[in-house]
Each structure stands twice: as C-alpha cells, then as structure tokens.
C-alpha cells in the first residue's frame, strides 16, 4: 500500500489544482493503478489517487496502443495512408478517413461528384450510429449492465452489415478515396436500410426501458461528471461531450462538407453536462442519423462516383466493369498522387467528435507532415476534469459516458 | 473577408505575416517573442480553443515550425481555422507555453515536446505521453529519424 | 425523449420504472429471438462483393506490379522466382489488411476477392503465399467440415435474420 | 453383511441428523443448486441478451453440465499464492467461508420435523451463521495484501453494517407476529403466506438478501469495473471456486429462509400433494426456494450496479426505516387479528 504524505514533493499530480486556481493542498492519498491489465481500463492506464472514496486526481496514462501514425504517414504515398488512419478508429472508419481525404482533395484541387458526396455521407452516418452503439455498449458494461452491452453490440451488427453491403468490408471500409468513393449503391440497399431504421427505432424504446430510465442508471448517471459550457470550451472538448454541456458546435454544420448542407438535421444539445446528458445526446444523434440516412436515400442524385480526371484514365474494358458491377477500378496513376506544395486542413465530425487533419506537402508523392488530432485525444483531458471530487465508483461511469476510445487517442 | 481583416488588424502590428491560403484557413507566422501576445489577441477575437499544436521539422532550414491551430465554438467563427506559427532553431527549440491562453493546448503541447523535442517553457508536465517512459532515441517526428522502408520486389532466385 | 429522467422521482415513479425494466427483461426472457450465428455449424454466406481472401489467376496476370506498389501494408510483393522471366505477385497474409486496393488497381482482373475469410494457420510461414501457392482456389474450412451456409436478411422485428440457403 | 446392517446404514443416512445437513437441503442439494443455478443464470442472461449461453457441454440439454466442466477446470488450475500474502489466512478463509455456508443447513427444517438439529432459535442461528461470512471476506481481502482486495474488503465492511440490521429486523418482524423464533414453528403457524401478511418485511428481506450475496444491483463488493474482483482478486483455481461458490450458497440458505418466512415453507401450493407422500413437502420447499433463486439471479440481466454510497443510503435510509415499519405492521396485525 502506498500512502503519500503531503510532505512529499510532487510536481505533476496536483498541477490541475493550480490550473484551476486552487492552492496546492495536502492530501493523504491512496494510489491505484487502473490498467493496462484491468477489466475496465481499455488500452490505457488511469492513475487514480483516492482520498477515502473521493478521487483526488485521476491521471490518464495513454500511449499503450500508439502506432506512430504520423511518422508512418510521412513514409507512404498519399493513397496508402487511408487504410493507415482508418486504424485509429476502426469502429468509425468512414469518418476518420474522410477528414484525411478532404485535406488531400484540397491539396489536389479535386472535388468529388455529388453522388459520391452523398454516398460518403451515407456511410459516415451508418458509421456514426455504429460508433454510438459501441459507446453505448461500453457505457453499459462499465456499470455492469451486461444486457445493454450485448444489445448495443448486437444491434451494431445491423449497421455493420449495412456498411458491409455498401463497401464489402465490415469495419475497415477504405471506402472514401480522393475524388470519390469505391463502390456504388447496391440494388436493394434502400429496403435494407429502411428496415434497419425501423428496427432500430423499436429497439431504442427497449433501451430506454431497460437502461436509460432504469432507476439504477438514473442514480448512477444524473449529476455525475458534470462539465459546463464555459469549461468545455476552455478545455477544447469535442463531440457529444461538448454538446451535452450546452455548446451547439458540430463540424457538420461548421465546415459544411459532404452532402450535409443539403440535408436537414438537428444538432441535439443539452444543458446539464452530466453523464446522463451525454447519453441522451447520443441517443438523439442516433435518431438524427437515421433521419439523415432516410433523406439521403430519397435525395441521392445520379451520376459518377469518381472524379472524371482519374476515371478517364481507365481503359474501356475496366470502365465497362465499373459500370456493370458498381465497383470502382483505380488507375495506376492513383498510386502516386502528387499534389502541389502547400498545406491544407480539414475537420470532420466523427461519432466521438471532431477529427482534425493538417497535411503539409512539399510537392513529392509522399506527405511532408500529416498531423491528426482525434476527438479522443482532445477529450482525454476530461478524465482529469470530470473525476476530480467524484466517488471512486463514478470512475467507470464517467469513462463509459465520455465514450473514450484508447486506440483513437493514441493514434 | 471580415475575419481575415480582423486577424490582420490584430496580428500585423506584431510583425505577423497573415494570409488566407484556402477558404477558411488563415495562416499567421510570427516571431517567437510575440507568440504569446498574438495568441492572446486571437483569443480576444473569439478563437477560444486550439484544435492542434504541432511541429513541422524543416530540416533544410534547420528550423522547427511550431504551429497552433486555433478555432472557435462561436457560430460566427465556425469553419475558420487560424494557424499561428513560429519557427525555432532545431538545436535549441524553446518557446513559452500557451496553456495560460488556451488550456486546450495542454496535451498537444506535451505530445509535441515528446515527438519533436520542442520545449514549452512553463508547461507543468513535460513528460512522456504516448511513447514508453524509457524511450531513449531522438524525437521520432524529426526528419533525421528514419523509418526503414522495404521495396516491393522479393528476389527468390538469389536466396540460398 | 427521456426528458423526465431529470425530474426528482417519487417512490411511485421509481417503482414503475423498476417494473418496466424487469418486465422488459422478462419479455426478452420469454421471446425466442436470437442474434447469434453458431459459427462452426452455420456459416454466413457473404456473397458477391465481400472483400475476403484474394484469388490470383496466373494466366491473366500481366506482371505489371501495380498491386505490389499500391499495397499499403507491404503485404503484396513481386516475386522473382528461379526459372521464371516474369515477376509475379505473392501475398503475406500476416500483413494483409483486406483493403482491396490491389484488386481495384489490377488492370487485368488477375486478382479478385473471394467471400472466404475464416482461414487459420498453424505456422506463421504458412501465411506467406508465394506465386506458386497463391494461384489456388480458397475453400472455407467450416464449409469443408459441413457447415450450413445461411443468408443474412434484414428484418424489422429482429434486425438480422439468418435464413438457411 | 446382513440386511440388518444395510438397513441400519440406510436408516442412519436417512435420519434427519445426517440427511438434512449432508444431503437435503444440505451439502448435496446445495452443490446441485450451485451447479445448476449458475448455469441457469448464464442461460437466462443469455436469453435476455439474445444469445445462447453455455451450449456445447451436453448439447441436448443446452449445456447443462457446463459448470461441471468449469469446476474441473478450476480444480486443475494452478492455485497461485501471492508472495506477499498472509498464506494461512489466504488459504483457510475460503474454506471457512464455505463451512459457514453449510453449517446453517443443520438448522433449517426441510419438512415438518425433519431437521438436523432442532433448536428453538433456528431463525437467529441461521442468520447469525451467515453473518459470519463478511468478516471472513474481510480476512481474505486483508490477507491477499493487494490494493484492490483491500478496497473490496472495506466495501464489504460498509455494506455489511448497512444490510445485516435490516435483514435481522425484517426476519424478526415475521417472528414477532408468530411469536416464535423457530423456523419450523413459523412454517407450521403460517396459514396465509407471510408475503401477503407482511409484504414490507418480504421486500426488505429480499433486497437485503441480494445485498448479502452481492448480486446485482448490489454486487458492489466484487465491482469488477473498479476493483477487478474485490476481495477475491488474487484467488485462482480451487480457492476461487470456493469463494465464488460461497456467495451462491449464502443466497441459497437465505432463499430457504425466505421461503419459510414468507412463502409458506414446505406447504405445497396444492395442499393435497402433501397427503400423497411426505417427500412432496421437501420437494415443494426446494422448488419454491429455487424459483426465488432464479428470480434473484435473473435481476442480473436487468440492472446495473449501484454506487457504494447509494447502496449504503438505500440500506440505512430506506430499508432500515422500512424494516422498522414492518415490525410495527406485524404488531398492528397482532392487535387487529389477535395473533395467528
């Protein structure tokens, strides 16, 4: 047992108190290492310091699944980085690659045809639902509600199946490429998607009965881990965590990319800022995403799915194949995309929040520098902020409610 | 564009070079001394958080560019990113931390210290974040840290 | 939706919620819905378009090497074999991420995806397919052992239904 | 060997002093409950969660002997003794825990007059014996010398004081109505099931029963998501099986008491059955207790876990006053009905 007296000088653990304008107080703390070998830590460690049952300080120690993506990206051609960045958030692959592709398209001066933009939006929304359901399941099991965990993961399968029908892969779609998308809409996709939506609407009511309105969940979530709008802004929080704190910010309306300007949807915002508000915002976002999918299926325009500049390069035989199967063939020139020197930034709203890419090109076939800031990396600071003063048993509740995805934070 | 003019008006007296490279993407490069002042001015304009803090190693110029991408949650500044950047020498990359202005720079600054060896003076916890605590090598995102690459041809005639 | 979770509940609303949760649980306890596909006995038929194991056809290959150049994981390589003038692609399934770029870039339709995805290996070296081994038909081990293929059908009531083919 | 000897052996085994603690409702039945209940729990949870649950061990019966397979696995698993542990306490506490869950069977009547040791105070005796387990859990948590086990032990200590009081008071509320502390006499006197006479006591007893056995929503002591497995974090192999089994055994003991206090004990739902053969009375008790157990473990698929302070609040601020209220209710019933 480690018990640190107040006399022991420690610089970092209590710095938060200084930042929050507090005096450095003497705490007699009990130090716990939650993770990386722990049933509920994920691929990370949280160093928790307890004063009795109260958390004095929880320090997220991330990096256990760091894959040096930014460095690896510097050594690869532009197109090869798509599957690489996809692996940061494998559960939300469409959105995380879309940010990268948007930045590359800006560098190349390309614009995807309208149909491709609609298809990207479609997959992005399917991924958003799947990502929220994943978060839901984790939130459930963090409170030991195994039914919510199994249900959410089971229902996520419906959306994963839908994505598979569209792209040919369950999770790692690599669907969005500079200049367009890789596959056209399958024949019977509309019926399938509408059935999935109707099913999900029914299930959300059961979720409500067994989870959201369950008195145990209300007890565990209401007024737990509260963050208010001004603090969320100061700390640069993104995604549903931000919107649950009362800030109406969503990269989909801020950046106006894809087909979003042509679609009608609401950005759910709640004022409470607690764990329950984050949960409710996610549920409402699932509903909004389903409404977006319906609109896309109604509005999707006909036309090419790939930019003319590269489609032209394909020999007639391959063009014929693309027309008949709806599966794109890539021209050989696509391997060595060569943008002008310069830089570009792009932001895309993922399920977890906003992802940011900054690409610096020196005019060669490989990017000079790719900077990626994922929503999880921006939200990691919440561990420190939300857990301060919470009870120890609130830690998993808070962890589940902020929907932190360690591989995404570590990149 | 109104925002560009505002940023120009605020930062050009400090000697910043402000331009809009793409719609909604404004870059402003400034000297190290004026960085904090410029950050405060940007904050006052409404850029309330940084999306990213990063370093770019310009090995040919023997300099590291440290860039802060500031953005805002306010509806009138949606879709605008200002890159506030400065260049520091590669052999002594030091600048003052901006977490007093933007607390959201806390973790990205720590990561930039770790990955490029840029020292942010006044940062309360410059310690390993993503790399293992016992990592010894040079800062990995510098250009002189090479990642071995392999070709795409395997010659089986030469083996054995 | 669940706006009233923030209202201070009294004993009655609390009991009602407990009852609703337990009743929902009991309803599912008594229903016959199942999500699981019992894999070694049943195998989901993935059909056309699934990005599974990659089939290479030697007779179509023009040895252009585009597949090896586009491979993001450096799994596909061009192999120079003794006694062969041309180079042919081989694949290392330890690395392959099934992105399908090689299939998409192949101008001669020499590479194509199959729906087979459930292979396992005893040794790492077996996962490297030099061109000689690469040109073979993939067979799902479960199907070989007599698994019954099932088709995935979307359903409003149970989400996904698995119908025997 | 003569038939006389065999007969004497059979008589000996069938005599309540041996049969009750060792066979039914004691050790053998308890083992059976343990094996089937955990299987049933997993099966029911799986059903609610749209899965199959254990299936492949004895497939025609839906994997019914899965737990035997698990037990064999635990038996052959290496029991790891932490280097810094207090070895004697660490190894013996689970054994003692199991023993204290089995001893109460000697005092629980399984049928009219069929009890191992017939004492006048069987109700408080059984409850006090099962109240000896929390101190043993504390002992394991201290002996393992691990931060997580210690936290689990502290939680157990907090929980124990919160639920034991209400558990005892709710049981005594019933006893005070019948004017006896003997379980057999309480069952005999029950013409109307206790749950109808005193629903408050029944509710309090059931909830505290869940707390005692740390079942959801009160599995705070073992809170996997915070403290790995609470006091049992360091256990492995056969010792782990013992500590895990002990909580189910405790639940079984308490559900037997619950049935005898509130559900008419061994009296069959159809009274005529009892006249066919006295064994039906024992079976009836078992079935009732098993149904109570099934409901208790079914709650796992409905609930999440309460926070420690919330559970303590429930224990002290809700269950305790309710338990007192149930005593008053019993006394009021006595005044109105003039006693049973």
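Every chain is named by a letter (A, B, C and D) in the order it is written, and numbering of its residues begins at 1.
The working rule: a contact is a pair of C-beta atoms (placed from the backbone, for glycine too) under 8 Å apart; a residue touches a chain by one contact, two chains touch by 3 or more.
These numbers come from a predicted model, not from an experiment.
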item: Pair sharing more residue contacts (C-beta pairs) when C-D is set against A-B; value: A-B
item: Where subunit A and subunit D are represented by their mean Cα positions, the distance between them in whole Å; value: 45
item: For subunit A paired with subunit B, centre-to-centre distance based on mean C-alpha positions, whole Å; value: 23
item: Inter-chain centre distance, subunit B versus subunit D - centres from mean C-alpha coordinates, in Å; value: 62
item: Contacts with 2+ other chains: residues of subunit C; value: 21, 24-25, 28, 35, 69, 71
item: Residue numbers of subunit D (touch at least two other chains); value: 48-51, 301-303
item: Multi-chain contact residues (two or more partners), subunit B; value: none
item: All chain pairs that touch each other; value: A-B, A-C, A-D, B-C, C-D
item: Interfacial residue positions of subunit B with respect to subunit C in the complex; value: 150, 152-157
item: Subunit B partner contacts - residues on subunit C that touch it in the complex; value: 65, 68-69, 71, 74, 76-82, 87, 90, 130
item: Subunit B-facing residues of subunit A, complex; value: 11-12, 15, 18-19, 62-63, 66, 68, 70-72, 74-75, 106, 233-236, 242, 247-249, 253-256, 342-345, 347, 354, 356, 358, 360, 368-369, 371, 373, 377-378, 380-381, 410-411
item: Residues of subunit D touching subunit C in the complex; value: 44, 47-52, 55, 298-299, 301-303
item: Complex contact set, residues of subunit C against subunit A; value: 1-2, 5-6, 9, 14, 17-18, 20-21, 23-25, 28, 35, 46, 49-51, 64, 66, 69-73, 97-101, 104-107, 109, 113, 152, 154-160
